[in-house]
Amino acid sequence: MRALWELVIGGFRRWARYRVATLTALLANSVFGLIRASLLLAAVQAAGGTVNGYTAASAATYVWVTQAMLGPVELWGSYPREVGLRIKSGDFAVDLLRPAHPLAQWWATDLGRGASQLLPRFIPMMLVGAVTTGLVLPTQPWLWLAFLCSMVLANTLCLFCWLVVNLLGLWLVDIRGFLVFFMVVFNTLSGFLVPVQWFPDWLRTLVGHTFLPSMWQTPADLATGLARGRVLEVLTTQLGWVLVLGLVVALVLRWGTRSLEVQGG
Amino acid sequence: MIIEAKELGRDYVLHEGSLWRRRRVVKPALDGLDLTVEAGAAVGYLGANGAGKSTTIKMLTGILTPTRGQVRTCGLDPVPRRRELARQIGVVFGQRSQLWWDLPLGESYPILSAMHRLPGRIWKPRFDTLVDELDLSGFLGTPVRQLSLGQRMRGEVAAALVHSPDLLILDEPTIGLDMLSKERLRHFLVRERTERGTTLFLTTHDLSDVQRLCERMVIIDRGRVAFDGTEAELAAVTGARRRLVVDVVADDEPVLLDLPAGAEQLPTDDASRLQVEFASPLTAAGVLAAVQAQCSVVDIALTEPTIEELVGTIYRRASISSRT
Amino acid sequence: MAEPVVGSRPRTVLGLGDDRPVTWLAMIRVLVGSRLRSQLAYRTSLALDLFSQAFLVASEFIEIWVLLVHAPVLGGMTLSQAALVYVCSQFGFGLADLLFGELENAGDFVKQGRLETLLVRPTSLLTQLVTTDFQLRRLGRVLVGVIAYPWLLVATVDDWTAAKVGLAVIAPLGGAGIFTGLQVWAGAFTMVVVDGKQASNAVMYGGKFASGVPGGALFTPVRVFFTFVAPTLLSAWLPMAVVSGAGLPHGWPAWLGWLSPVAALVVWATGLVAWGRAIRHYTGAGG
């Protein structure tokens, strides 16, 4: 436990150092947030004031919460990519020598990374949203707690998904095609570009049966209040998917290390 | 004069302290450097790490603007006429490759020649000569990233010479090379100079590079010229003491050698290893003969003083002579 | 390896004559040709890259499509008009990315010390940076433009005039001009602020994103910024609004749609000044 805690702290410290990167990322998130907010608000207005449960206020809140989440929650998997390269190069042998399971170590490091982004990335982005379009946020503290838990679960899910994709590198020479493919899938179907609720019915039903909304849409729903009556339900769903994908990535890792040992790599 | 530098100086501005309490610190990397090099000469430019060697090279090649003083390379003001100057000089950065990393070595040369706008009639015969003299033909089809360091450095030198420059600047060309590769490269450079009259200007912290290639050495320390002259003059100034290490068939007691004047035996713990320091006019052969006359020699090694030791000696001499 | 010809010497370079003086164009042919040959050697990998880029382009339109499922008109445009804007923007950006895409990495060259080796060559730094890592896989976006742009033009516009044909031809080219100019700016910026790639990306890719949507839907400050400061909206939304007869916001005249070549010239001229200053900054600061 203590070792994992150290990894959390280490992850926090490492990502807290990138000051210029944080500032420029905030700028990028703000520009994209403004464009996305424009579009969603225009659509809500053109549709007559509401779209599938979203009002202008909740659409704006959705945009800024998701832009803010880009700091702590890694939908695009740059840390798991790093781990994937370590696995491919064999450098992760060091992780195997430590007492904790490698998956737990990566999770702890990534948790530290996520936590380090709350203050410099999440909060300022929400402020930008509050100043530019205005936000409607939950007032009950327990909803914020649920939101925080949901972000941790979402980030864990993103980590596990990207680890599975990156682990394909153990068997394939070039996984660039897979990286692009999953980037597109996660971007479009997890609720990042547009809310999952706005999808056409058939697509929404289809996506609803997968882990994709748990990666991104669920925490946003908690922040916008769309999931207010179903807090426990959505968190349990997320946790379920975390366990399933955790199992998948652990199994893939096990096969992968075994095939490495056989090759003597 | 192919290189002329007068009172050349360059400062770096550093920001120290935390984000909130930043201080602007001006650090001179080079200060009052006077240097002239004649066309056709071979000059070794020596100094410890951080002495200002790379800064000088950057200013000579037009990558860096001097803070003070004047510099002319091939008669040109380097920074404003950088691209014009580039046609007349070749530069080898020992630590940085100018070859195309993922392409076979042989493909870098047509590209470089195109950049120099050389028609095939001009660059191809030159390239063929370089391939022969640097013995590149065995790995022209190998991607640069797969070459050994020695092979790559030969490739780099060919890349710097394909446009037949008048001045070849080499920044630490032998760093990391094994003895054989070093020797091969030095041999080629000597030949390039005698046959084409190419001026050589090389930075190094390996004295043997200079002894093999250059008749003149310039030593800089803390941004200033500490010494400028021939190797013999350096020896005269520093009394450059070389060290002969001799492994002998040992008795129980360490041998106390009877040595010619000017040579001095250093105390050692190991009875089978004797160390003798000496300076010119004594020669290694002479000292060795004296040792051999007194014990049976198994193995020998000769070590040169390092640049740091030489600079230290130069300064000690200077402070002694200023006191007297 | 594709060319395992150990010991071979390149005797002829793309049919370049041995005696002719090397023109600038011949030099570019050699520089880009070497990249092309090595990339064409891996055709499967290249095909996969082209396909995944085209897939990426298509997927990014899903956002606009979903919005237009709920709103019949967005920013004064219907679904097919919005698709036309999107494809036109991708076409122009794709051309620019293919030609100048490497410039945004100028900061990495500074960080790795590779800029010095480029500076001791007699070719301009801009030419070298643009050609040293010419990536054919960036062609995917252009291919989408080549195929989808004429098709959407025909499907969306029915009252063609000579002026509209002219504007339809000018738009992607002007867009490529604007985006390449912005890339010169981005290169200059990252050469000075080596960790600032994301900041220039915010303008560059933010501008690309904004240029591919019905601009009438954008907040006025955003629309003004991307029309008059980083003028990417001139590359697709404004000309396509004119061509397809879509309405413009109040106070936005239709002649704005014709401005992309002028804007490209301005961005390029200022970009080159910035580029020169960036090099002077580098040679002054020494990295």
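All chains are identified by letter, namely A, B and C, in their written order; residue positions are counted from 1 within each chain.
One rule holds for everything that comes next: a contact is a pair of C-beta atoms (placed from the backbone, for glycine too) under 8 Å apart; a residue touches a chain by one contact, two chains touch by 3 or more.
Worth saying up front: this structure is predicted, and the values here are computed from it rather than measured.
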Co-neighbours of subunit B and subunit A - touch as defined: C
Centroid-based (C-alpha) most distant chain relative to subunit C: B
Most centrally placed chain - per-chain CA mean versus overall CA mean: C
Whole-Å gap separating subunit A and subunit B, where each centre is the average of the chain's CA atoms: 53
Euclidean distance of C-alpha centroids - subunit A vs subunit C, Å: 30
Inter-chain centre distance, subunit B versus subunit C - centres from mean C-alpha coordinates, in Å: 45
Residue list for subunit C, restricted to those that touch at least two other chains: none
Residues of subunit B touching subunit C in the complex: 10, 12-13, 55, 58, 61-65, 79, 82-84, 86-87, 89, 91, 93, 95-98, 100, 102-104, 106-107, 109-121, 124, 127-128, 131, 137-143
Residues of subunit C defined as touching subunit A within the complex: 45, 48-49, 52-53, 55-56, 59-60, 62-64, 66-75, 193, 195-199, 201-203, 205-206, 209-210, 213, 216-219, 222
Residue numbers on subunit C that touch subunit B, as the complex places them: 1, 3-13, 16-22, 26-27, 30-31, 34, 38, 113-114, 116-117, 119-124, 128, 132, 283-286
Residues of subunit A touching subunit C in the complex: 20-21, 23-25, 27-28, 30-32, 34-35, 37-40, 42-47, 51-52, 132, 174, 176-177, 180-181, 183-184, 187-188, 193-194, 198-200
